[in-house]
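You will see two complexes here that share chain A, one where it goes with chain B and one where it goes with chain C.
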Partner chain A sequence: MGLLVKERSVVVPGEVLAEGLDFLPSNGTYRHEEKILANQLGLLVVDGKVLKTIPLSGRYLPKKNDIVIGRVMDITMMGWRFEINSPYTSLLSMKEGSFDFIPKNANLSKYYALDDHAVLEIIKVTSQNLVDLTAKGPGLRKLKGGQIIKVNTHKVPRIIGKKGSMVSMLKKATGCKIIVGQNGLVWVQGEPKSEILAVDTIHKIESESHLPGLTERIKSHLEQTLGIKIEAEPDQPEEER
Partner chain B sequence: MNEELKEHISECLKSGIRLDGRGLEDLRNIEIEANVIETAEGSCRIKCGMTEVIVGVKLSVGTPFGDTPDDGVLMVGAELLPLSNPDFESGPPSIESIEVARVIDRGIRESKVIDTKALCITKGEKVWMVMVDICPINTDGNLIDIGSLAAIIALKSATFPEMKDNIVDYKKKTKKPLPLKNFPVTATVVKIGSNFIVDPTEAEEKAMDSRLTVSVTADGKICAMQKGGNEPCTIGDIERMIDLATAKSEELRRHIGG
Partner chain C sequence: MMAYKKRHDNRAVDETRPIIAKAGVIKKADGSAYFSIGKTAAYAAVYGPREMHPKFMQDARRGVLRCNYNMMPFSGMGERVRPGPNRRSKEISMVTEKALLPVVDLDDYPYAVVDVFIELPQTDAGSRCAGICAAAIALADAGIRMKDMVAAVSVGQVEDLLVVDLDYEEEAHEEGDVADIPLAMIPSTGEITLLQMDGKITKENLLKAIALGKPVLQRIAEIQRKALKEKFDNHGDNNE
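The block that comes next holds the complex of A and B.
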């Protein structure tokens, strides 16, 4: 009875996680008679009575109010279709694309051309998984210069850190502009050398995120490479994007 | 190709650094594993950064071409699998895959690495045919260099199958290797703006102005070349690219091991 596997252990689909009615199934788990089983490969998280799994990898599933980085893959009659590293297509309508008035028959590639990248917000995900985007909002814009790297979507919270502590430490140490999209695309712009350090560090965070003491390790890595002392970060009030 | 990224790459190159942190003339780390395919006569799996290629060598008996009755036959094929890159499509071979196969073929053929006369069984009737197949598992640029290095290692690891009464028994391998000498090494130099780089990644290949592939034999002779890209090169450019490619081919040659 009760929980049969340890918290934060890796579970496989079909594995019995708990018996009895003391626990509730959530994302990645389901109830079968009196048992709770996993239906996804991932880490088990016990949140009070609720059992859920965090997937180890996989594509980005769009969620409302997420800030994502997208690439223009198509220009349609109504707006732009963006590739947001997800299995579903997403649309930026003309109305949401720009604050400017877009006249009839305007050349839409003047606003977003094919292969342009932009920071966007998801405003709606329908039951059919059609995604609507907006470019109107604080910090939402077309990206110019810099490079875009791909990371594991499920490691994005680690790269951002608690209240944005990790990414702001990275920004401060390297002097780069960094935008982390929830869909696992990260935009980095800065001096060539510091940009490479930032990209390296992001990949380091990604590969070591499951080990304890991540922030400290990343901090000493940055301090070693740069040869400077990084002061402890005060809690950042604003939510980092 | 995103124009912004192209500009960014050439801006970075101006300060002598590439997007992945390498210097302009640095190669990526190469890992090689020979004889990975049981059913092939010779094979090689090679990893260079994110690029990963598997090459298989198959030997069969066939009739020689009419104009070369006592020469064995060499065939090199490359298939750019859609699983290795989202830009690749299935279907008939693309121009890129034909180029990869032909440039690698030319390097092997013109260096005379395989002694084709020794592949003859009966003059005008039966010869050994050497088939080299190149399959990229993951593509992040520089397929020609990596593919040809893998092809040479696969050829080196190949052994003849047993033949009894003119029937080849592929289940039994002999210890007799292919008649090889004077291995060629292929190196590509890419020109972006006024900078010359080696071992380009996929992004750099998309941003390139021109490229020159040079195959160099063990005694330092150039046996094959291929120019690519849309921009023209001056004679000075070509000379510089050949010098750089020759220097890098020596570095790549260490992986062949003699």
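The block that comes next holds the complex of A and C.
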């Protein structure tokens, strides 16, 4: 009776997590007769009586209010079609594309050309997963220069950290501009050497995020590589050593 | 002529060949696995959910599972296997798909497809079962929602002996009748999702053979789950 697996352990589909009626199933778990089983690979979280899992893998599913990084894959009569690293493409309408007035018959590639990248917000997702975007909002813009890397979308919260602590530490230590999209695309721009360090560190966060003591490990990794001390409120980072 | 009382490789009747299972072996895939049983080896790679092409195959209600079984040219025992799809591989792709479909839940992915590619570098009978086992691990590794694993093994009868996991020598046994029955099961409910048969067997013996296979399938499911967990254990060790 009761819980059969330790909290925060990796659970796999079909694994019996609990027996009896003491617990309730939630995301990533389901009830079969008297048992609660996992139906997705993930880390088990016990929240009071509720058993759920944090997924460790899987593609990005668009969600309303998510900030994503997209690539223009097509230009239509009504706006732009963006590829957002998901099974579904998304539409940016002319109205949501720019604060400027876009006249009739305007050449839309003046605003976003094919293969341009942009930070966008998802404003609507229908039941059939048709996705609408907006480019109007704080921080939303076209991306110029820098590089874009792909990470596991479920690791994005780890890369951002609590209230953005991880990504701001990374920005301060490397001096790079970094934008993390919920869809697992990360834009990095800065000095070539620090850009490489930022990308390496992001991949390190991604691969070690399920192990405890992540922030400390990343901090010492940055300190070692840069040879500087990172304070809670560090000064301007040194340029190149 | 000696009757087949003892298996040629001295295995117990309910003993499989040695099994190796690994998850996450193909870096570029969304999920992947390796599963080998004796000399039969299978790789499975899962891509998706992703946009479905051709478009007319899209389903507005749920995502589609698309499996592809392929024996590599050098995988056979003698002659080169002619590459490309053929009647046999198309059939096996279809039954693999149907064996896995009862556990996977693709309701959240209308219009999308989950592609499963099963490649066999080496075969010694029981390849569709190895393929299904690998595919189930790879699907779970890809983060697809599925209510359970699917375990598969072949059972059968060689002369009068009921056995589990026939190898090629037993399958091609010529001194008497042979029945070869690939079997796939959902471990938590005991439901059978694949049942094919090649050869002759009585109804009573068929039921006995399936009963013999069920506990073996439970053990295989444990091996599959262990493989998935080991992926994350190893990860920790490598970085420490």
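Here is the rule we use: the second predicted complex is superposed on the first by the 232 of 241 C-alpha atoms of A that agree within 3 Å, B and C clash if a C-alpha of one lies under 4 Å from a C-alpha of the other, contacts with A are read in each partner's own complex, and residues count from 1 in each chain.
The working rule: a residue touches a chain if its C-beta (ideal position, glycine included) is under 8 Å from a C-beta of that chain, and two chains touch if they have at least 3 such contacts.
These figures come from a predicted structure and were not determined experimentally.
Set side by side, chain B and chain C differ in how many residues of chain A they touch, and the one touching more is C. Once the two complexes are laid over each other on the shared chain, residue contacts for A:Val12 go to chain C alone; chain B is not touched. When the shared chain is aligned, chain B comes close enough to touch A:Ile196, but chain C does not. Once the two complexes are laid over each other on the shared chain, residue contacts for A:Lys144 go to chain B alone; chain C is not touched.
Contacts of A:Tyr88 after superposition on the shared chain: chain C is touched, whereas chain B is not. Looking at the complex, you find that chain C touches chain A at residues 30-31, 48-51, 60, 63, 103, 105, 108-112, 140-149, 186-189, 221, 225, 228-229, 232, 235-236, 239. Contacts from chain A toward chain C in the complex involve residues 10, 12-16, 28, 30, 32, 37, 39-41, 55-59, 61, 87-89, 128-129, 154, 207-208, 210-211. Across the interface of their complex, chain A is touched by residues 1-5, 7-8, 11-12, 15, 17, 19-21 of chain B. Those residues of chain A lying in contact with chain B across their complex are 115-117, 143-148, 192-193, 195-196, 199-200.
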